[in-house]
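Can you keep this structure in mind? I'll have questions shortly.
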């Protein structure tokens, strides 16, 4: 039984190697495990976009950077695809300067795909990327009063708002001009900007998995209406849109990673028990 | 904060003209003023030597001295960081109480203290605090300015820098104090791998599980702020903690009354909070 | 004087900020046509932060310059750090700006993958941390482990295979949803209220000049 007690102190390098294999293997050879749609978190986001009329404006926020792109990128792309398909206009802002360029790249990629499929996703007409504007949360307050002034009347690419037809319908960020907010958040600044400054708006959130427990109370209280939770949230949205993509593909890897963690916990406890037993003897 | 007390509900239509027409503006003003008065009263009581309740012992606080002591015995440095909180952030103000405490301990034990930063303005204040601690300990020459380091304002640039520093310098004590995000576990595991005693104090609820799993001591939620006040050991600072606890009791009462009234069909308390 | 001026400034700025948050006439006050006081102040804060960046730059140059000069261990990495830092800044400032091809290429092809790589380390560290932490030492740790297993299985497809959401109690997913939406949400909110009260007391201490460590002192 001596070898069993060694399970109490497995070398971290083995832990890391097996974790790497558990994550990489299902990406190369998908297992095709079923994905269940979450009625309380994902479906409200989908239904909200479905309920919007063509021409309605919604505001999206990029509050993440490369680190959380794996989880939030697929969510953003699926949601943006849904809006464009429905003819809903999207104005994007970015609370994180480090994710500004990344957000644009992801949206541009999806817009090109949509154009290829014959769905209109023209920049300036169907969507605008105002980008990151320094000034923190006080600037978000200013955007409510005068969006154009707060953004210095330019988008991320340096285009004047005057030259972007969509922006002429959005001088002020209020409940009349926008039909809701979709914030993709990975930390701070993030969701509290909206629950504090936009408490009576329709707020929806795309969140990294680690933040989901922290956001659940806002969902329960009705302060946010829907929540895309990490990679499963993105995968479920892709399935709802009937366009399975990157998130669906990565879900198997997540399952296997979880399985290894559970195995480790069990092995660690066997080792702990055996060690304690041999010590008692 | 008042939006933490109620479910999303229709706010009363009527607002006082001069106030910003957002939910809870006036209720928020009332709460702010009430708490301001309470803090003032408690501080006056403390100054006059009248009895005010003691702050309970917080287990993690003693760990700071224990960890610095161990680092001294091992001849290894101490590391303390708050990640990315700017000078205007209340988490930074609380962090400075811990930094001052650790810096004073390090200066008096003649132990090297390394402080890593992701925010440049906070870093300059940190440097001043540590310099002052060494000055007061009578060892101004022992202060090493290069040990107060700016890593990167990029989350994972900073994380990489700190994890690398921990692996190279092998601090015997690792203090993670402030509001953390995804870097929390990486920093704590880097510390665990070099065998450092780790103390975390955070108000970030999302990171509490990671710190609990990786650190020897974790101070959660407002223990972090109360601990900062306790470190000051000034009655005036104690006064503010007592005031916040009285407000907490009042808020709990408000929640219970609101729940009962709402169950009975009255939205009086909700309207009050939303006003 | 050196200490009094910042204390007075802090108090005045706190009042000003308070006013902007609460009072509509202050929030919309225009110093000249179309120019709001609030927007000017928020721009000045932005400007101050941008200037603060230079302090970070100076510190990094000083720390790593000293490492190179004294040939400390791993000094070659300090050389690389300074080349990358100044090189990327010069590229953005003088060669086509932030929208230029080389600048955006470095962002897309180097910074984003590096960022993702660091974030993905969490997957490995969570495994080693869970392995160390989840030991059955007492009743509480058993409860913690059982709940962790349910939430993990409820989050992934594997849980659906093992115990379907169509089955009794909604399977792992149903239990996970309950844990997240009820005990978790309640405790998160309770901690949130406590954090707010603690932070508000901290704000009052600084605004009233009771806590002065931001001036660099230790008391």
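By written order: A, B and C. Residues from 1 in each chain.
To be clear about the criterion, a contact is a pair of C-beta atoms (placed from the backbone, for glycine too) under 8 Å apart; a residue touches a chain by one contact, two chains touch by 3 or more.
All values reported here derive from a predicted model rather than from experimental measurement.
Peer 1: Look at all chain centres (mean of CA atoms) and spot the one farthest from the centre of subunit C.
Peer 2: A
Peer 1: Using the touch rule from the top, work out which pair, B-C or A-B, shares more C-beta pairs.
Peer 2: Per the contact counts, B-C leads.
Peer 1: So, what's the distance in Å between the C-alpha centres of subunit C and subunit A?
Peer 2: Taking the average C-alpha coordinate of subunit A and of subunit C, the gap between them is 17 Å.
Peer 1: Can you give the whole-Å distance between the Cα centres of subunit B and subunit C?
Peer 2: Inter-chain centre distance comes to 14 Å.
Peer 1: What whole-Å value do you get for the distance between subunit A and subunit B if each is reduced to the mean of its CA atoms?
Peer 2: Taking the average C-alpha coordinate of subunit A and of subunit B, the gap between them is 28 Å.
Peer 1: Got the subunit B residues that touch at least 2 other chains?
Peer 2: Answer for subunit B, listing residues that touch two or more other chains: 154-156, 182, 205.
Peer 1: Going by the touch rule set out above, which residues of subunit C reach two or more other chains?
Peer 2: Counting only residues that touch two or more other chains, subunit C contributes 27, 49, 111, 114-115, 118-119, 122, 126, 128, 130, 132, 134, 188-189, 192.
Peer 1: At least two partner chains per residue is the criterion; list those residues in subunit A.
Peer 2: 12, 65-68, 98, 210, 213-214, 221
Peer 1: Within the complex, which stretch of subunit C touches subunit A?
Peer 2: Residues of subunit C touching subunit A: 20, 27-28, 34, 36, 38-39, 41-43, 45-46, 49-50, 99, 104, 107-108, 111-116, 118-120, 122-124, 126-128, 130-132, 134-136, 145, 148-149, 152-153, 155-158, 160-161, 165, 173, 177, 180-181, 184-186, 188-189, 192.
Peer 1: Given the complex with subunit C, which residues does subunit B contribute to the contact?
Peer 2: For subunit B paired with subunit C, touching residues are 1, 4-5, 17-21, 25, 28-29, 32, 35-36, 39-40, 43, 86-87, 90-94, 96-97, 100, 103-104, 117, 120-121, 123-125, 128-129, 131-133, 136, 145-146, 148-150, 153-156, 159-160, 168, 182, 185-186, 188-189, 192, 203, 205, 208, 210, 212-214, 220-222, 224-226, 228-229, 232, 234, 236-237, 240-241, 243-245, 247-248, 251.
Peer 1: Spell out the residues on subunit C that touch subunit B in their complex, using ranges where they run on.
Peer 2: Against subunit B, subunit C makes touches at 18, 21-25, 27, 49, 52-56, 59-60, 62-63, 66-67, 73-74, 111, 114-115, 118-119, 121-122, 125-126, 128-130, 132-134, 188-189, 191-206, 208, 210-211, 213-219.
Peer 1: Quick check: in the complex, which residue numbers of subunit A touch subunit C?
Peer 2: It comes out as residues 10, 12, 15-16, 19-20, 23, 33-36, 38, 40, 65-70, 98, 101-102, 105, 134-136, 138-139, 141-142, 145-146, 149-150, 157-158, 209-210, 212-214, 216-217, 219-221, 230, 232, 251-252, 254-262, 264-265, 267-269, 272-273.
Peer 1: Which residues of subunit A touch subunit B once you look at their complex with the stated criterion?
Peer 2: Residues 12, 65-68, 98, 186-188, 195-197, 199-200, 208, 210-211, 213-214, 221-223.
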